[in-house]
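Chains: A, B, C and D, in written order; residue numbering restarts at 1 for each.
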Amino acid sequence: MSQGVKMRVKIGVELEYRLAQPGPVLLMLEAAGAGGQDLRSTAIDFGRVEHLARVPGEEGIGERIILRAADHIRCRYDAEVAISRGCPDLAGLAADQVDEMPGDALRYLLSSRYCQAERFVSFATQRFGDLEGGAKVQAIRDWVEQRLDYVPGVSTASTTAADTFLERRGVCRDYAHLMIALCRAAQIPARIASVYAPPVEPPDFHAVVEVYLQGGWHLVDPTGMARADQMALIAVGRDATDVAFMTTMTAAEMVSQEVRVTAG
Amino acid sequence: MSQGVKMRVKIGVELEYRLAQPGPVLLMLEAAGAGGQDLRSTAIDFGRVEHLARVPGEEGIGERIILRAADHIRCRYDAEVAISRGCPDLAGLAADQVDEMPGDALRYLLSSRYCQAERFVSFATQRFGDLEGGAKVQAIRDWVEQRLDYVPGVSTASTTAADTFLERRGVCRDYAHLMIALCRAAQIPARIASVYAPPVEPPDFHAVVEVYLQGGWHLVDPTGMARADQMALIAVGRDATDVAFMTTMTAAEMVSQEVRVTAG
Amino acid sequence: MSQGVKMRVKIGVELEYRLAQPGPVLLMLEAAGAGGQDLRSTAIDFGRVEHLARVPGEEGIGERIILRAADHIRCRYDAEVAISRGCPDLAGLAADQVDEMPGDALRYLLSSRYCQAERFVSFATQRFGDLEGGAKVQAIRDWVEQRLDYVPGVSTASTTAADTFLERRGVCRDYAHLMIALCRAAQIPARIASVYAPPVEPPDFHAVVEVYLQGGWHLVDPTGMARADQMALIAVGRDATDVAFMTTMTAAEMVSQEVRVTAG
Amino acid sequence: MSQGVKMRVKIGVELEYRLAQPGPVLLMLEAAGAGGQDLRSTAIDFGRVEHLARVPGEEGIGERIILRAADHIRCRYDAEVAISRGCPDLAGLAADQVDEMPGDALRYLLSSRYCQAERFVSFATQRFGDLEGGAKVQAIRDWVEQRLDYVPGVSTASTTAADTFLERRGVCRDYAHLMIALCRAAQIPARIASVYAPPVEPPDFHAVVEVYLQGGWHLVDPTGMARADQMALIAVGRDATDVAFMTTMTAAEMVSQEVRVTAG
């Protein structure tokens, strides 16, 4: 393995969906060419589509693909990504002053659909008010992992951080939303990141958190499944809306979907 | 009046807030140097503050000011803006294909906290499905104006487009959120814009809608109070979260607030 | 068929559920001995249970069965019910004055979990304000049937009348909640009723509405599937919470469930 | 003071409201003739009204008054109540088996609009799962009092127990709803009670909780302001909807309201 490469991640995705009616489909599933990772190979094939376009993802990370399709979309994606980022020791990182943050960090202090930060201020102060910076982030992460049960099928596309805080269970996206809401309530910018990570079992699109500490963004997984040096980053955003691997404007029915992620 | 200038807008804002505890305050209240308007004069004064910074607003429109203050913030802002943009004939504008939109438009098709577009798809199809492009936008705008009653004090910071759709009343921000949700549900990018506009009575920060038609953004007021050539644009964003004139991280109590907006 | 009997309804239910842990189970699935219907035969068998009790249903209509079970519940229920009630001509019935209603009607003017009547007042006035009494109820019923699409699987146990009003689709319970909320908003007492009705296809527990007009309660089906003279009433209540055929305190997994309802 | 009387409570209420349009008004503000308290004197005067009726409150406790008024309602109520009930030692009371409860208790295990018990099951099990019966109720009460801040003005008529659980603040009604939701989630019947209690400062209608333990209902105040032997009970119900001191069908504006409650 070349110097600085912590892990190679091999990704294979095959998916097929049937559309209720013709219309555009947004896809966001390719590993990004971004800080801390290099694309060693990448190939994506959609079969026959009427039209295909690409636009940059949020913060210029990754790309969103827009397909116009008649009634089906099929996609096969294969890539290999070399990860060189390390794992941050969160507890040792300092928080930035809000008035010294760049606009691209400041934006991630604001509430968003699934992460209504202002509703969490009282609780965050009660529970984590004595801690500072990275130590506070670490405590929030640990609290989320300990208090939630990982239960597929109980949360839906409308489940928010407030719901998860109450119901104490969910999947990776719910863990991420709750940690993000708590960090923002504590004045620490936090955003969602979609990644591929070999330890995630069964392999699937995985949602984690990026927090802004000491002038930079750091990947953290509140489910505890993966470390930052095991993650191939796809996209970032305010919450799940921005990083959905597929967004359709009309009803879409899954025909098949397979995701393979291995450490190479 | 120089050629092409439709209106001069004179703005005066004085506000004072008391903070429950020291902390950062985000302000977004200066008219932007943006398409269709020129700043003829601008002056802003905050008295004594601990620290002040500026970051660009969403889409690079306007600026967000970040203050660090001990217990009070005071702000006096005076400006004169020359508006040269015209009023679009919405009904004559065509909608763009989703797969031909730039990323900066595509983003405003997605749901956001106050504008949960996907929940409106059935209704938007039932009611406006026979129309296309700008004619559909015009029909949505008219429907919102006709169905809602302008009633101050009934909506709160948590009122969403879904709430307003049911309760049929609200203020400018609620009108804007409902129109945005309906446009997005109809695959037309829409975002919120905060403006100063002389016809708004009593003078105040005013929220309107920008829709993306025929390759550009067009200002529309679902309350019917102001025309595009009467608006001095401050900021744009996904919904009210992005364009709030003031965001504090802790409780803030208004001491005084005065907004004057006149056509000069 | 004896005089006055409009229809005989034969009911057969078999269900088996697995409980995640031992605990009480509430069941409400027997046709009630209530106005407008007579039980010709009834038999219910639970196999072996630890304990079984019965308490009256809301308003003294029907009975709630409470089982204590170790890990499984099995139930077989067979009955024959003779329906003698007629079908009201709603439009010809007068509304009662609120201050002349008995307490048992007044209660059903208040908002409940799934039927937040006060939020519907503006819309109900806008849309149905010109009508009175039974004619208003008929118009509300027709509006609900016309505006909603019957789509299984899109609503959940947390879907309210407000959600259904926006999303324009759902199942019988959602139709009932929306009609109830609108009637209450118009000062007409309305409650949910669970029934068996032969025309419902596929056969299942069915939720309809009872409205209070001209001194009495009248069954109406906003889905248009069944008439009042085809309904074997099980229970009534404020909304779905009160008439659920099964309520468990812990997770329960369906092993099998079959409902047969035929006109005899 | 006669034997067994713990406290005499003198109550004086004067209120005046202006109605936006003629319509019925429901009032529930007289101390009930109920277990543990005796009415020593009572007088109520409404001035001139078009019509007045009374119906029993929920569970036959207290009475609901229905007025038909043109544009104003005025009410003057004076009473003296002798309280003979004692203060339960909650921790020493046993919980009843669900399958041995009467229907009037069982009803208060179900979720209601402001107390969505089933959403609290995971948390209640995590936090209070090791406790039983009255000791569990006592721990829930203490947790609610300790975790919430009493802050007037932050909650509204739509604030639920789920909201309060997150936002950690509210008034008596919010404390009551949260305690009720947690008790029901732990299979202990709980309902709201409206009372007058001298220690409440400033004097006002006060909301507390009744829990069903060891075959009977017991008054508890999660705000810690009042003891059971200091409460003059007005009404009980599933949640705030059932015990509101005033319910109007159209907008009502307060002209004046004064509540005096003293220990005599």
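The criterion applied here is as follows: contacts are C-beta pairs under 8 Å (C-beta built on N, C-alpha and C of every residue); 3 or more make two chains touch, one makes a residue touch a chain.
In this text, all values refer to a predicted model and were calculated from it rather than measured experimentally.
Following the contact convention of this document, no chain is adjacent to both chain B and chain C.
We define each chain's centre as the mean of its Cα atoms; on that basis chain C and chain D are separated by 29 Å. Per-chain CA centroids place chain A at a distance of 43 Å from chain C. Among all residues of chain C, none touch two or more other chains. If the chains shown are joined wherever they touch, the resulting network closes on itself as one ring, and no chain has more or fewer than two partners.
Under the contact rule stated at the top, the pairs of chains that touch are A-B, A-D, B-C, C-D. Within the complex formed with chain C, the residues of chain B that make contact are 119-120, 122-123, 126, 147, 149, 162-163, 165-169. Interface residues of chain A facing chain B in the complex, by the touch rule stated above, are 23-24, 26, 51-53, 55-58, 64, 66-68, 97-103, 106-107, 109-113, 116, 118, 121, 157, 187, 241-242, 247, 249-250.
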